[in-house]
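Each in C-alpha cells, the structures are laid out below.
One chain, chain A, appears in both complexes that follow, with chain B as partner in the first and chain C in the second.
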Partner chain A sequence: MSEHFDAIVVGAGPSGNAAAYTMAKAGLSVLQIDRGEYPGSKNVQGAILYADALERIIPDFREDAPLERHVVEQRIWMLDDRAHTGTHYRSDDFNEARPNRYTILRAQFDKWFSKKVREAGALVITETTVTGLVRNEAGAVIGVQTDREGGPVFARVVVLAEGVNGLVAQRAGLRPELKPNHVALAVKETHFLSEEKVQERFNLAGEDDGVVIEVLGTVTSGMVGTGFLYTNKESISIGVGCLVSDYAETGMAPYELLDRFKRHPSVAPLLRGSEMKEYVAHLIPEGGYNAIPKLTGDGWLIVGDAGQFVNAVHREGSNLAMTTGRMAAEAIIALRKADLPVSEANLKIYRDALAESFVMQDMKKYRHLPATLEKNRDALFGAYPRALSSALQTLFRVDGTAKRDKEKQMLGIVKKSRGSWWAVATDMFKVARAWR
Partner chain B sequence: MTAKDKPVRMEERLYQNRYMVDEGRPHVRIHHQAEDSPQLKTLTRICPAGCYALDENGRVQVAADGCMECGTCRIVCQATGEIEWSYPRGGYGILFKFG
Partner chain C sequence: MTDDLTGNPPKPDTTGLNIVVCIKQVPDSAQIRVHPVTNTIMRQGVPTIINPYDLYALEEALRLRDQYGGAVTVLCMGPPMAEDALRRALGLGADRAVLITDRRFAGSDTLATSFALATALTTIAQDRPIDIVFTGKQTIDGDTAQVGPGIARRLGLNQLTYVSAIDSIDLGKRELVVRRRAEGGVQVLQSRLPCLITVMEGINDLRRGSIQDLLRAARADVTVWSAEQAGVTNPMMCGLRGSPTVVKKVFAPSPRSEPAEMVTTEAKRPAQVAEAVLDLLFARNPKLEADLAARKGA
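Then we have the complex of A and B:
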C-alpha cells in the first residue's frame, strides 16, 4: 500500500465521514481508516442528528439514512430527588417534509454514512488502528503508520477525525492530553420497548414522532452535568454525563448515578417493562472554546470532537463535527485545485471558514460558561433545583394557607437555598454574564 | 460499599455488549509505583465498566476485557503516569451495536 493519496482521514465518525465524503465527491483520492469492525462500531452519541449540517453534505439523506424518529417535542426537566419541574415545547410545525432534528442510533447511522463515503469514491479501511504520524525532514506530516503490515501510507494531508481521545495527535505532540474538567464522562443504556409503547408513553400521534428530554438538577448528584432521555423507534436511550474532574473528586460511580436516574419516580414509568440491550460509556468534550487545541499545521488538521467542537449548552456536537469536517474538506479541495501545499499558512482558509461560521461563533459565545458552572456547582446543580421544587410544591399544595403567606414561604425557600438575596442575585448575574 | 455484589451487577450490565477480546494484549496497563495514588484508587469506583479492583494485597489491578474505551482512567491518572492506554488493535475491543 505505497500509494500516495490526496488525503488520509483518521476515523469514521460524523466529522471524518463528512470530510472524506466531501473530498471524494470532489474527485480527490481519499483513504479513510477506522479501527472498528465496521464504521460506527466504536462510536457513541446520545443521539440527536441535526439535519441542517448533514443536508449541506448529502441533501437527500432522508431517502435512505437509518433515522429513528423526528423530534416534535423538546422537554427540559429540572429534577430533585422526588420531583421534576419541566418545560415542554411541542409543535405540529415539526411535522414537516424535511424535519430539523432526528433521533438516531450511531452505530447504524455511521455505517450508512460510510457507505455513502465509499460510493463517493473513497477507499475505506476498517479494523485498522492508526498508530502514528509520518513526518518529513521539515517536520510536515506526510502520512500515517498503522497496525497493519505494509508500512506507512502517504498523503498530502492527514485529517485527524479521531474523536475525543485524540491519541494520534496527542502522541505526535500536536495537542496536549485532555484536562479532567474539559471532558464529561457519559454513560448510557439503550432500553427496548414496543413501538406502540413508546408512542403511548410519550403521547405521540405519528409513528415517526419523537420526544427528547434534557435533564438538569440532582440527576448529577451535585456534579456538573446533565441527563437525557431520547425516544428511538422501539427503544429509549437514557444516560447521564458529568465532568471527569467531578467524578474523580467525588468518587461516585457513573452507573449508580444512571440507576438512580432510572429509578426516579418521573422516569421509571417511562422505562417500565423495557429490556436493556446495551450499556455504553463515552467522553464528551465540554471544555468549550478555551479548550480547543491547535487545529492546523503543515500537512494536518483537526476536526470534530478531536478539536473539542461541542456546544454543551445546546447539546450540539455531531452537527459541529459534520460542519468542521466539511469545511476542512473544502479547504483541502481548494488547495488541491490551486495546486498549493497543505501547509499551516495555507490552511488559514479552514480557520477563517470556522471563525465565520456558527461553529466558532457559538463556541466563543459560551466560552466563560464551563468555568462558571464549575465554580457555582453546588448552587446550580443542588441548591436551586431543590429550592425550585420545594417552592412550586408550596404553591400547588392547597392546605388552607393564605396565598400571600404562600408567596412569602416561596421567596423564603429561594433565599434560604443560598443564604441571602445578595447571593441569589450574584449567581444570576454570573450565569447571565457567562451566557451572554 | 457493596463490594460483594458490585462485580455481579456489572457483569449483568456488560453482558449485553459485544467485545472482541485481544487475548494476552490488554490495551490498558498499570505501571505500579511504590504506592497506588489516590487517582488510581478512585478508578475502582468511577470506571464505568468496573475494570479496576483491589487485589488481596490492597493494590489496584485492571482487567480491561469489559472496557468501553472511554479514556477516563488515562485522563484521571495523567499526572501519576500509572496508566498506559492505547487504542486496541484494529477490530478488537468493544463493538457497539447501537452506540
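Then we have the complex of A and C:
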C-alpha cells in the first residue's frame, strides 16, 4: 500500500528543515527524506549562523540549539603572500541578549534542527536517496521514487531542498546541469584548540565570544574565491573556496590552496599547536541571480542551495536556505488551507514572497558581480592585493625617503599593477557598477 | 512488512519464534577522538552506530522470523539518545524496540550490564516466553564479549557463542542446530530452545529495509523503561554500584612519530626501484645495512 502525504521534502539541510518544520507545525502531514546516515551527516558550512532567519522559524532556538560562539568581532583581510591588510570591527553591542550571528558546527546543528522537525510531527527518514520524481499524465509531480524497495511515495507537493548539486531536479529536467563557473569548491578543516587558547589568541573576553575572519586576495592564487577562519568553542574552522572552472583552468588543487593559507605568516600563529580533526569539501552555488533555475512547477518547488540561493559577497547561504524553506512552506500551507492544488500558477505566492523579501533583492543587487569578478580575476585576486600590500609597506617603512616621494611611489605601485590609470579606473568602475 | 490502514505497526505474530536481539549503541570507531588535553574519549559530537556485530545478530533474527514467523524485539541499555539506534533497527525490520535508560544504569560494567539486560528480558518474557536471545559476539568499544554469556548464565539459557551459521530449527521438537567457530575447526551443536546465541561477523548480508519499514520505524514508539519499569528491584546491582570493575586509567596510545616518506626514483627496472628504497632505509638506519652484510657473510 503506498502512502500519501501533504508534502514530501527532499533533503534535511537548513532549507529542508525549515520547510518541513514550518509545515508540520501547521498540521500538514510531512515526509522528509535525506540520504545521509543521519540528517546533516555530510553537510558542510563555515559556519556562521544568522539568528534572524532561524528566529522567524523557531523563536526560542537559543534555549537548546548547539551554538558555538556569538560573533563579537568581524575581520576582513586582504592577503598577499607575506602580509595582510585588514579591518577589524568589534563592538560590545554584539554582546546582547539575543546575539545576531553565531558560529556553529553543522553536523550538530543539523541534528538538533532535525529533532525539532520530528517533534513538530514530520516523519523523517534517512539513509534513503530520492532517485526520481513521479508524475501524472498531465506532467504534474505527484511523488518521489527512492532507492529502497516498496514503490513510490506520494504527496500533493515535493519540496526540492536537495542542496547545490540538485540532481533530482536535473534528472527530472526541471533545471540544467550546474555550470563549472557557477559553483565554487570549498575545502575546510576543523582544528582543535583549547578554549583558553582560542580566547587568548583572538583576544576574547568570554567562552561564548567569537571572531570571524573573511579573507580575500592571493589566498586563492589568482582564482575567483575567498578564504575564511572562524572561532568555535574549542576549535577553529579554516577553509578556502574557488570557482570550479578556475581550478580546471589553473590545475591547482584545493588542498594546496588551503595548505598555503594555513602556512601564511598571518595565519600560522593562530593555528599553532592545534590538531586537525576534520577535513571536508563541498560545493557552494555562486552563480548568483542569473543562475537561479525555474523555482516552481505543478506539484514541485525548489528552495535553498538547490535554487542557487547564496549571497557569496556577504557569505550568506544558510539564512537564504532557511528563509526560502520557510516561505515555500507558508505558500504550501496557504494553498492547503484554501484547498487549492499546488500548481505552478498557485505557487505565485511563493515567487512573490521571495521577490518582496531580502532574498531576491540581494540576489538581484549582485547579479552582475559573478561575471565581473570572473572577467577581472587577475586584477582583483592578484594584482591589486599585491599592490595594496606593497603600497602600504612603502608608507609604513621609515627609511629617509621624503613623504612626498613615498606618495609618488605608492601611486606608482598601484598604477603599475594595472599598466595605466585608465585600466585602474575602469576596474573600479566595473566593480562599483556590479556592486550597486 | 506492510502497514495497515491506520499506519500502526502490524500486530506481532503470536505463533512462530519470539526473538529478542540485544543491541548496543557505540561511538563510530572510525571517528573516535581523544581529547588532546584531558586524554578522555570525546563522546560528544562523535557519531554513534549500532555495534556492527549486533547488526549481524539482528539480520539473523529477522531471517528466522521471516522463515518461521514470530516477532523480533530489539533491546538496548543506554542513554536516551540510544533511541536512535533502536529506531534504526526498526527501520531494518524489527517489530518492537525497548530502551532501558536510567541514571542508575550509568557506569555499568559487564556484570551490571548483563544484570540489567537479563532483568529486562525477564520482563519482556512476561508477555510471551522468549525462544532465542541474540547478542553480538562482542562490542567495538568495550570489547569484552562477556555480556552475552552473562545474560545466559543469569537466565539459565543454553549459550551458543561465536555462532557462524544457524543450520536448522525444529519448532516441534524445540531444537536448533548451529555452527560455532572454535579453535581448530567448526563445531556443529544441537541445543534446546530457549537459548542465547552470540553471533560472529560476516554470518549474513544485512538487508536494507523497505520504504514501508522506514515509515513504520519513524512512526513507531520506542518503549522506554526506567530501571524500575524494566523490573529492577535491587538498584545496588545496577550501574556503578553494581560494577566491581574499576577503570583505573584511560589513555591514548602515543601516535606513531615517524612520518611517511615518499621515495621518488627515475629507475624503471624493479630491481633498481628496490635498490632506491633500500638506499633510503640504509641511510636512515645504517645498522640495518651492517647487519645484513654480516648475515650475508656468515
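In the analysis below, the second predicted complex is superposed on the first by the 435 of 436 C-alpha atoms of A that agree within 3 Å, B and C clash if a C-alpha of one lies under 4 Å from a C-alpha of the other, contacts with A are read in each partner's own complex, and residues count from 1 in each chain.
Heads up, the rule we're going with is that a residue touches a chain if its C-beta (ideal position, glycine included) is under 8 Å from a C-beta of that chain, and two chains touch if they have at least 3 such contacts.
These figures come from a predicted structure and were not determined experimentally.
**Q** One more residue to check, A:37. First (chain B), second (chain C), both or neither?
**A** both
**Q** Figure out whether A:123 sits in contact with chain B (first) or chain C (second), or with both, or with neither.
**A** The second partner, chain C, only.
**Q** Based on the superposed arrangement, let me know which partner A:105 touches: chain B (first), chain C (second), both, or neither?
**A** Once the two structures are laid over each other on A, A:105 reaches both partners.
**Q** Classify the contacts of A:247 with the two partner chains as first (chain B alone), second (chain C alone), both, or neither.
**A** In the superposition, A:247 contacts chain B only.
**Q** Report the partner of chain A that touches more of its residues: chain B or chain C.
**A** Higher number of touched chain A residues: B.
**Q** Just to be sure I read the superposition right, which of the two partners does A:148 touch: chain B = first, chain C = second, or both, or neither?
**A** both
**Q** A:3 in the overlay: touching chain B, chain C, both, or neither? Say first, second, both or neither.
**A** second
**Q** With the two complexes superposed on chain A, say which partner A:167 touches: chain B (first), chain C (second), both, or neither.
**A** Only chain B is touched by A:167; chain C is not.
**Q** Per the contact definition in the header, classify A:277: touching chain B only (first), chain C only (second), both, or neither.
**A** Both partners.
**Q** Residue overlap on chain A between the chain B contact set and the chain C contact set?
**A** Shared contact residues on chain A: 37, 41, 105, 107-108, 127-128, 146, 148, 277.
**Q** Contact residues on chain A for chain C in the complex?
**A** Residues 1, 3, 31, 37-38, 41, 105, 107-108, 123-125, 127-128, 146, 148-151, 153, 192, 194, 275, 277 of chain A touch chain C in their complex.
**Q** Taking the complex as given, what residues does chain B use to touch chain A?
**A** For this pair, the touching residues of chain B are 10, 13-14, 16-17, 20, 39, 42, 45-46, 48-50, 68-72, 74-76, 78, 85-91, 93-99.
**Q** What part of chain A is in contact with chain B in the complex they form?
**A** It comes out as residues 35-37, 40-45, 47, 105-108, 110, 126-129, 146-148, 164-165, 167, 177-180, 183, 185, 187, 190, 235, 237, 244, 247-248, 251-255, 276-283.
**Q** Okay, in this complex, where on chain C does chain A touch?
**A** 2-3, 5, 33, 36-37, 45, 47, 84, 91, 208-215, 217-219
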